[in-house]
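Here it is, the structure, as structure tokens.
As written, the chains take the letters A, B, C and D, and residue 1 is the first residue of each chain.
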Amino acid sequence: MPLPEHNLYPPFNVLRLSHVEFVVTDLAASRAFYVDTLGLQVTHEDENEIYLRAMEERGHHCIILQKGEKAQANVLGFKVYDEPELDKAESYFQSKGRPTEWIERPFQGRTLRTSDCHGIPLEFYFKMDRLEPIHQKYKLYNGVKPLRIDHFNVFSQNVDESVAFYADFGFRTTEYTEDEESKRLWAAWMHRKGGVHDMAFTNGLGPRLHHTAFWVPNPLNIIDLLDLMSTTGYVANIERGPGRHGISNAFFLYILDPDGHRIEIYCSDYQTVDPDLEPIKWDLKDPQRQTLWGAAAPRSWFEHGSTFANVEPVMSDLNATPIIAP
Amino acid sequence: MPLPEHNLYPPFNVLRLSHVEFVVTDLAASRAFYVDTLGLQVTHEDENEIYLRAMEERGHHCIILQKGEKAQANVLGFKVYDEPELDKAESYFQSKGRPTEWIERPFQGRTLRTSDCHGIPLEFYFKMDRLEPIHQKYKLYNGVKPLRIDHFNVFSQNVDESVAFYADFGFRTTEYTEDEESKRLWAAWMHRKGGVHDMAFTNGLGPRLHHTAFWVPNPLNIIDLLDLMSTTGYVANIERGPGRHGISNAFFLYILDPDGHRIEIYCSDYQTVDPDLEPIKWDLKDPQRQTLWGAAAPRSWFEHGSTFANVEPVMSDLNATPIIAP
Amino acid sequence: MPLPEHNLYPPFNVLRLSHVEFVVTDLAASRAFYVDTLGLQVTHEDENEIYLRAMEERGHHCIILQKGEKAQANVLGFKVYDEPELDKAESYFQSKGRPTEWIERPFQGRTLRTSDCHGIPLEFYFKMDRLEPIHQKYKLYNGVKPLRIDHFNVFSQNVDESVAFYADFGFRTTEYTEDEESKRLWAAWMHRKGGVHDMAFTNGLGPRLHHTAFWVPNPLNIIDLLDLMSTTGYVANIERGPGRHGISNAFFLYILDPDGHRIEIYCSDYQTVDPDLEPIKWDLKDPQRQTLWGAAAPRSWFEHGSTFANVEPVMSDLNATPIIAP
Amino acid sequence: MPLPEHNLYPPFNVLRLSHVEFVVTDLAASRAFYVDTLGLQVTHEDENEIYLRAMEERGHHCIILQKGEKAQANVLGFKVYDEPELDKAESYFQSKGRPTEWIERPFQGRTLRTSDCHGIPLEFYFKMDRLEPIHQKYKLYNGVKPLRIDHFNVFSQNVDESVAFYADFGFRTTEYTEDEESKRLWAAWMHRKGGVHDMAFTNGLGPRLHHTAFWVPNPLNIIDLLDLMSTTGYVANIERGPGRHGISNAFFLYILDPDGHRIEIYCSDYQTVDPDLEPIKWDLKDPQRQTLWGAAAPRSWFEHGSTFANVEPVMSDLNATPIIAP
């Protein structure tokens, strides 16, 4: 199956990924992790929820932590260009047979709820509460100095289907891993906002959220976070890295929050605004696609993920094939 | 005069700034500067011209150095989304009374030549020759490790007019300096590609090109360049910096090429893809807007620029007013 | 006059500079500067004094802030190898006609008070209270992440005399500035601990303390401090930098505390433990000796300093000569 | 057995480690590694040997590569304070029953050959050819920008014996790993020059050279080297890292040269010139002593080393005990 072409004239204009809502089992433990350790800023909190933003964001939130019994990801949020685009989105998803619903969301107003081809809960909005800039309030910078949410990465039971679904409303593939023989996709990175990705898909037990990534200024901030986490009781929450990805060329670190939600700290990928930017193909047998420097990822990295609310994951048929240096 | 609103539904889709053509008087001296010192990569050269690209660019060129008698900037180049957008651009500029011309440009094909409201020569194209990726060929990285062209900054004899002109075809103002009393704009930063700017306008003897900026990975690359330039005969070419701009929050260095064309080395501004991102207003009396850390720019920085081919610059009427800590 | 040879077999073993005692007029303002902004750690405080250490120091203090009416530097402190060396120091300074006195100092025990050839108050000790290591308590790192005190720099009314005095008890000159015609020293950098200097002398109205320097991990920490100071009310306290010194090759920043005591933030000089390391001579006319990158230091940097307790400074006769690019 | 006290008044004055001589099987391949990839500077070469120095070294060499049939380490070199100290060294080693021999070494003159308690070939000299400074010739900086040789680490069949041997002539232990029950040393770090170590000993099949370390400016240089090595055919030569050591607190990377000689790239340990600096004890069961961030070292790191010329290694009796998270 060839790589699906992205739609050059998409049916509605998605600007970028925007936010994720996590269910967490201990709000105080999550606050210690996201606020005191990572350095995200609290924009609202009550006894059930904490809303967070990163340092250069002026929208109200990029993470919502919701207290609950069972850790999971409730929804992935995206911002569209303006209100007419939101209405077009409703028509589009209805035309694809996806369920749609309008909700009023605190701090982000009129919001369209739907889901993707495998059931991942998605929401779209056009205007979130705007907050004053804090990117030059350097006294507030802390932890890893998170600047902005960068992307989601999800396990998909069928990456070919996922890529086709998102490409149809304008997500562009920047890099992908293909099985040379079967021409099946094993993973793909797709963007809207001009970086390597807003969404990535990895073959496996899906749909589940593999990780949510935050952009930081430079690799030394990641080293600072490692020093901090390893001396404040979080050494076991460091899962993989630091390293350079072959795919995306980014410098990375993967860590786990107290409930096991995986966070990537990420910097220095490249600009992708040209619609004729050729996607880069990686061979499934090339171990440097995952870590340019050659170090293998731990097994947990291939297996563990956050389930989505009310979605039962299914194992990809590709996992019958042995994964070579995955 | 209020800040002109940018056109949310622009008449044609400009993706980003793309390239500049400089006339230089000594091609070998310019090569030593741009290639051996800055680290740009040669993609074509003959006895009259050198074409250069930065490390993550796959388009053929971001700078053209053309041998000539008199140093100047010939044209500022921009990429549009696709060929239909190029045709819409022609209609648009004609409707604004600007001269238009079609030329065939080596390595970038069908190209529309026109000019802005003050006569700055502009060119638009949709497809440049594509080259293989080199962003992971680390052996080629050299000098300041330039990743991509980031923006142009021009002197304008009337910033209000410049901003109105570019806003009308979709450039969005991210930051600006206003005279609180007269409500006149002294400077403005406008983007298309999702950073702080593709084009900036500074009040003065215009139109002239103030500088062309390149994005680099982090501030340490800029320190490396300073060490290199100051020990290889280029100490007098270091004009201003390093420092942090108040406006844009970027880390910067200004240097002059052998003909006096000013280059900015630039990193770490912020993402601006939201169309509702509120522009940040700076007071003309706030010296930190220029250098957050307080150091004043040298006089040359306010006065020197590259003239554009066949355009006679005119002094802004605002310069009758004394500039307070500009 | 030739550069005085350092004494290869010194009369007593000074290990390194150790601490400085400043009189400050507002203890709370000084605490906000040294603790909340620079990130030094409080090891003792009462209503009259604050003792501070840097992150990798296990000795009790490197700065003592003492509340007083008039800002000045009370004494420069040095650590000797062991107690017998302290007794040899007393004999040595007596033999040179310098006044000596034994005092008992809180947290550093038996202490020898004396002064140098121009009256700078010096104290020597061999054992300071030892504190538990905190260099891996990364939660405590803050501000510029100061690791250790690095050196003192003093104005001297006669640098030739200062260098001869310190060379005689084992300080080694690593770099110096000489007037090619008169063969007079204008400045010299002298070490004991294996870096470029523990003490430096600069020609001028002396003796006065020019600055006290702290070592930090890398230049990005200095950039962080600049961002912090410039957005927390300290922009006027930034005096010079950041930059690379020609002399010492170090990356530097000069800032002023609330009383005008000058602090240098400093990193990346070089190892000097070889006794046959040839001193590097700089020409008075070479502006790159001060800033490799060419930027001039502000006038205040050549003129302002902290007076020492009970010492009246005298202008150097060299200042009759015009200083070329000092 | 308690940690042996270092001799506060040593029988002769060793300044620092100085150089190592490696036998390599392919001089061109070694040159590509050490010169073109790491960035060391050639100071002499002929068809049989290459002499190298790092960027801030003014002594003639820190590595000698000698062409030969069998890869091994010929000798570890140390610099003493002056010629009388060299003569005292001869007497000292003779008094300890070690063989001594005087040789004339190219570029380093009169040299004392001897060996340590387990037969490691050592040489001492007082004056090596001095070369002009190149630390400010930034055009020459390349690869990882190696500044100076920092330390040796050797496998020892009996770390208690090794530490006692070196402590007796003045090496000071800064950190060590002890088996809490048996009070046996498993590893120790000992210095002369004021950093964490000139020599370290690790329990194992000894004596063999575990690695030779080079100091670099900051962690980003190490990241640059990883990017370079992984895209120029050296990905399999990356063995461990990057990471932060618990012991020494340094940022590290371990790589293997074409013959398997292990090189550590190292920065940011701490100053240790105080003779009363308390050694830091680590528990054998604490995995963070090796990597603060928790990642385990690969098996090869515990097993592989370079043999010394004419010395048959012996397995430590401690290896009968299972190594817990070594």
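The rule is simple: a contact is a pair of C-beta atoms (placed from the backbone, for glycine too) under 8 Å apart; a residue touches a chain by one contact, two chains touch by 3 or more.
Quick caveat: nothing in here was measured; it's all calculated off a predicted structure.
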| item | value |
| --- | --- |
| Remotest chain, subunit C as reference, centres from CA atoms | A |
| Interface copy of A-C among B-D, A-D or C-D, judged by whether over half of the contact pairs recur | B-D |
| Higher-contact pair (C-beta pairs counted), B-C versus A-B | A-B |
| CA centroid of subunit A to CA centroid of subunit B, Å | 33 |
| Inter-chain centre distance, subunit B versus subunit D - centres from mean C-alpha coordinates, in Å | 50 |
| Euclidean distance of C-alpha centroids - subunit B vs subunit C, Å | 44 |
| Sites on subunit A at which at least two other chains make contact | 136, 218-220, 227, 230-231, 292 |
| Overall pattern in which the protein chains touch one another (line/ring/star/complete/other) | complete |
| Residue numbers on subunit C that touch subunit A, as the complex places them | 136-139, 141, 218, 220, 224, 227-228, 230-232 |
| Subunit C residues within the subunit B interface of the complex | 218-220, 223, 226-227, 229-231, 235-236, 238, 242, 244, 251, 288, 292-295 |
| Of subunit B, residues touching subunit A in the complex | 8, 15-16, 56, 58-59, 79, 81-82, 127, 130, 133, 135-136, 147-148, 193-194, 217-219, 246, 249, 268, 270-271, 273-278, 280, 292 |
